[in-house]
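A short worksheet on the structure shown next.
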């Protein structure tokens, strides 16, 4: 009989009554709790996903017979002007459907006719005469004439327009002296010296010399919107949400079959490029059928499913392991060759890309038409030779640091494999994972020993070799300082003949394999996930999703 | 099961877990079945088996060895950052609380600013400026926790300043600095020690969170947070990569919290009444 | 009351200013700038210079700071360097996501934690109290991001009840957006419940020892009334401070939780813009976080006298 | 009103059986090994309706436990070991929680000691008053408010209507106890237990509250159990008394007989320990020559306190107005005043802890406050202070020997061995010779105060300031400390400035007395002059408030209120600090014949 505070039996009954009341309140509150709060935020316009209601409403209004293909892009295009300073990959993708240049790139990255049926180059290689196609109309119905070509070129060359690749045409690569228009259907470009890359630069998807109608700008010369000659019109642009392209009825597709950005381009559906910043959000949108396609990289491939397929293709962005040739240890070519021979590279590439990519030791993408078996010959691991090379070089276990980042998973995976396997082969390597911003600044200043890196695609091998070859004193970003190789590259800067260029590239490749300034691993594959309702989509190396010639049932 | 033995049970479980953690941290890496960074191309994503008790990860590395090795890294990072924060916070807090005046106001404004400053940017800034290293994380976490320690030390100093024995020491002619060191600091240690056990737990958590965002102790040295972050992509086909690192973090935290609670009850005068 | 608020805001100006300067200096101290990052491996010094000029990076840091502050005062938060959208739009999109999740989680946590803490204190040192104390210790020990991943695995992957990706706000898909709420709210609420319960239990034990509780009991009031009418208001003060702290921390964007649940909230926006060296966005986010911190502290201090009239404003 | 008469009639009807009959009550706490250590042993007593019983004993005697047991509010781990308590026909100790709910409040009410926390700070006074009425007596809300206002008027609370809507923290200690009393009495309990209701109040306020409590219980016919440690105070108010020591009842009976012929020697010890003026023991004037120049002199000292005002301006208001006094070696000046009268601020100013607004303090004729660090350090060694709270004034981390030695650290004239002997000597002086290695949490309150005094003595100061030195101690311990202080002063001849609100202590050891009200000294003079012939109205009210204990072991003790002679010159306009705006006053000879006796009169406007 103790009457402690309070009675033991009493409190239990009291306790349950209290708990009972509280739980009743809790259950009711949870159900309502979040909603009023969420409702209070109702006005928030989280536009990560184009509002379903709004989309269907817009589609219903003009009630065209055409279906609509919705493609997800990571970030919205900051500008509607091709090749502008502020451009990003979405700009290139969208405008590739709207504007055309005189020439265009095929899938094997060769140059094909587009607005110019044919062109001839003067013997000294300094004059290009283009013969324009007949009957081509701008989106505003005006016919294409040589005056429009001259106007477009002059507009892009004016500093006010902010054209990113202006330097390619006013001196760094080649200088255009004059643009002549002898008659409405011929245009003549005069260059200061012959350049094999003039046409390539003109067709570069990053900053094409797009042929635009002067009505693309207002009276003061300020940019309005692109009035081009492409299969699609630039219909509607809601910044941060989507870009809507509708087919240009009076478009005249070319006769040749479609290849890359060249050939016949048919517009079978409306195109809506929807901005969804978050990769996982894109995936959930695809799963729920709100989008029809998206780009994906090799590390987060979605599980196989009947609702979508993964279209894979060879890429053109070489994944490499750089070696700082000015580093005291790595300046010795024997050490570099030992590193190249220490690891079974094809095996690593296969593990890294889950079998989606092949080992490609050359800076030239395997998809390029000049690619030959010579380019395909790389290094085959040979541990005995590695030991002898290391002995000759007097290597006694010093540690090399291999820099990588976590932002791009494939670079990180490459680094982890190389570090482990090199250490196994007797070359001590330490992994140093830094933040992507710092790795870029280290790359641009050359402050590293080994680095797992990836170059963005260059449309012509000469451009890639141009960026890799050079003198480190005045440009720390170059990797290979062989004067002979630079002289060989400069020798073909003027020649247009494919066989001469191929022969030069083969020689360059063999010199690079011998000097081993860097190890090229593979071209990271181009992967696009598409819903099964979409047909006719093909992959190509330059990572621009081409949605013409594509139907949706 | 009356109260006393239950409270002691908490302390017992706590010290066992903390003991295990410390053992792993100190001597663990010498007894792991595999070297933590050994890559095995042919045993990728292997399920837990006799060979690999906790299975292997994306690169075929043994998860169990990495957890044992990871304990060392996580422990050193947490202990050092807590000590850093304890040292800096106590000195700044006690001095500014005791002397007050404009010094106190300035310190408080900075403390407020640091509290409003997300630890994230601090961590990234330090990590990148100093280069990725354990000590970068220690400095980042230390700085992130200094404000809260300073606040508690300052609070302690403020209340102690009014206590008669501090006033008596001043009226005896002792200098303020002597009074501070001889009387104020020893008496404000107890609450700080109790707070640091809870701080230790959150430091372990923060280190895991940082390496989760790729800012923590850089790979390849294994940390639990890093392993958990990597495991996210393997949810549907290698769940053991998620379970084991997460479980080890939770068990370590559970140990530290139980141990911390036990220590606090010992130090708490009110508990003395119940003579634990 | 108003003068108190104005005084508090005036006092918090130096704090926000210091945060702004710290942020401004630190983000620029980190190697790599947006222009170089956007160019990546392309070597074009002329273009680099053009870009740096366009982003205003070629001026000295103090000049840039003054420029930024003057623009700020005119309400112009600047343009995102990478996304070319006004910073204010980005924040206005990201903040509601974080706010919805965090406020729901805090609400749920309080609704559960406060009665639990109160009851644990009341039934101190008896079976139910020890059960509550042990569960809170276990909950506090489970990292919220591990809890999040396990939730995704259980409900998302295995049972397929809830979506594991993406986030659709209430305004977009109406009530079905609850599906995206449940998992993150549970993950955040788990650790919050533990913290608030422990604090509530400690302060309730403190209050239950005071004489006015004995006095209330001496008046013959029922235990429930003593608990709800006399103990709760006085014990809620300290718990309110803790809730304020936790709320401030989470509203600053639990970057980790948002990464786990791929929520496009403030945390993710901050982390990604730090990685992309998107200076204006980073500065904008951190300014908002500092303001949140100040506002929450102010609200907590304003609410406090309701529970403790001794503190006159 | 008929309800009242009816209740009194019922009370007398059952006079045969007592209202409360406690039989062999024992209460114990489990120690570490789990067996119960008794705190209350075999206590029995009876109480009839409307009767007033006092339970007296020192701290730790178990008196509070009895009160709490009767209401079922024992602490968590306390156990009722045996005994029963019949109240109103049923056994209290066996009641279920439901039975407890209906006896508490309406059957037995309780008033507690600490006024600051006895009312819920988060609720308006009105709500707390009417809460019990509405929930227990189901009185409609409006009528409950009317009854509450009526009760507030009866307990003489100023402006009861406004008071209903204000919060407890806006009231003084005395006012809160009145409100608490009103709250309990509103339920008209049959028995009221008052557990040291006025210990924390000043003596003037204490008298008002006690008078009020007794009057209310008489009117309502409520029985009262008055638990206290102050025998003199209790004797003046109750009819029967129970003296307790270490859990047992050593003596019980009606007050007059217990006082005049105490049967148990503990009661005798208790009575003798109460401070009283024994003319022989303390000469009115100190042995040192009266004309010697004063050791410590305070001239026109004024102190301001600043309070943070709105925005960034600070509001400051004067706490101590121009005060002057001086103390000679071997002499004890006592400053008497209620809490908040500024007496502690004076000591802070003397020690240089607070910057005085104006005025100066001289040690042996030389000012030291503004005279640089060395002068201040030297002065601080010559003036030592003993604080009120023994638990807070000593560093818990240090041993007793180190505590005393710390005082000598800066005294360059002594080398190490001399310091050691000085410390041993000081500890021996206070009777703690063998406690040097102990920590203070191992000592009792009285022993800690001795350590504080030893620390003060060690550096042979010229002046010792004793700020309420014994008010935190039990009566018997108080006596030992005061006697020790007197003998040490005679031995070392230091001047002593005593700060106290307890007139008994002042009467026992002070040579001269200064009465302070709101920062002004209103009366000053030798102890005998001020105690025998008080002239300022405030001093007179102060003396009447404290019942005086007279008599001795031989012919028994009597407690009576002091006989105050009529005011000789009622025409004089005495200076009243509350009302006077001018704050100027002049200390004029009080005309009571003693040379130093002066009183403050309204000064002629300058």
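Letters A, B, C and D name the chains as they come in the text, with residue numbers starting at 1 for each one.
Going forward, a contact is a pair of C-beta atoms (placed from the backbone, for glycine too) under 8 Å apart; a residue touches a chain by one contact, two chains touch by 3 or more.
What you see is a predicted model, and the numbers here were worked out from it, not measured in a lab.
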| item | value |
| --- | --- |
| Pair exhibiting more inter-chain C-beta contacts, A-B or B-C | B-C |
| Chain at the geometric heart of the assembly (C-alpha centres) | C |
| Distance from the mean Cα position of subunit B to that of subunit A, given in whole angstrom | 43 |
| Whole-Å gap between the CA centroids of subunit A and subunit D | 86 |
| Whole-Å gap between the CA centroids of subunit B and subunit C | 21 |
| Where subunit B and subunit D are represented by their mean Cα positions, the distance between them in whole Å | 49 |
| Multi-chain contact sites of subunit A, meaning residues that touch two or more partners | 5-6, 10-11, 14, 407, 435, 437-438 |
| Set of subunit B residues in contact with two or more other chains | 124, 128, 236 |
| Multi-partner residues of subunit C (at least 2 other chains) | 30-31, 125, 217, 222-223 |
| Subunit D-facing residues of subunit C, complex | 3, 7, 124-125, 210-212, 214-223, 225, 229-230, 233-234, 307-310 |
| Complex contacts: residues of subunit A adjacent to subunit C | 5-6, 10-11, 14-15, 17-19, 22, 25-26, 29-30, 33-35, 37-39, 41-49, 51-52, 75-76, 78-79, 85-86, 164, 167, 172, 239-240, 277-281, 283-285, 287, 407, 435-438, 440-444, 453, 455-456, 467, 475, 477-478 |
| Subunit B-facing residues of subunit A, complex | 299-300, 303, 347, 351, 406-407, 413, 416-417, 419-421, 431-435, 437-438 |
| Residues of subunit C touching subunit B in the complex | 12, 14-16, 18-19, 22-23, 26-27, 29-31, 125, 130, 134, 137-138, 140-143, 145-146, 149-150, 152-153, 157, 252-253, 255-256, 259-260, 267, 270-271, 274, 282, 286, 289-290, 293-294 |
| Residue ranges of subunit B in contact with subunit C within the complex | 3, 6, 10, 109-110, 112-113, 115-118, 120-122, 124-125, 128-129, 201, 205, 208-209, 212-213, 228, 231-232, 235-236, 239, 242, 246, 249-251, 253-254, 256-258, 261 |
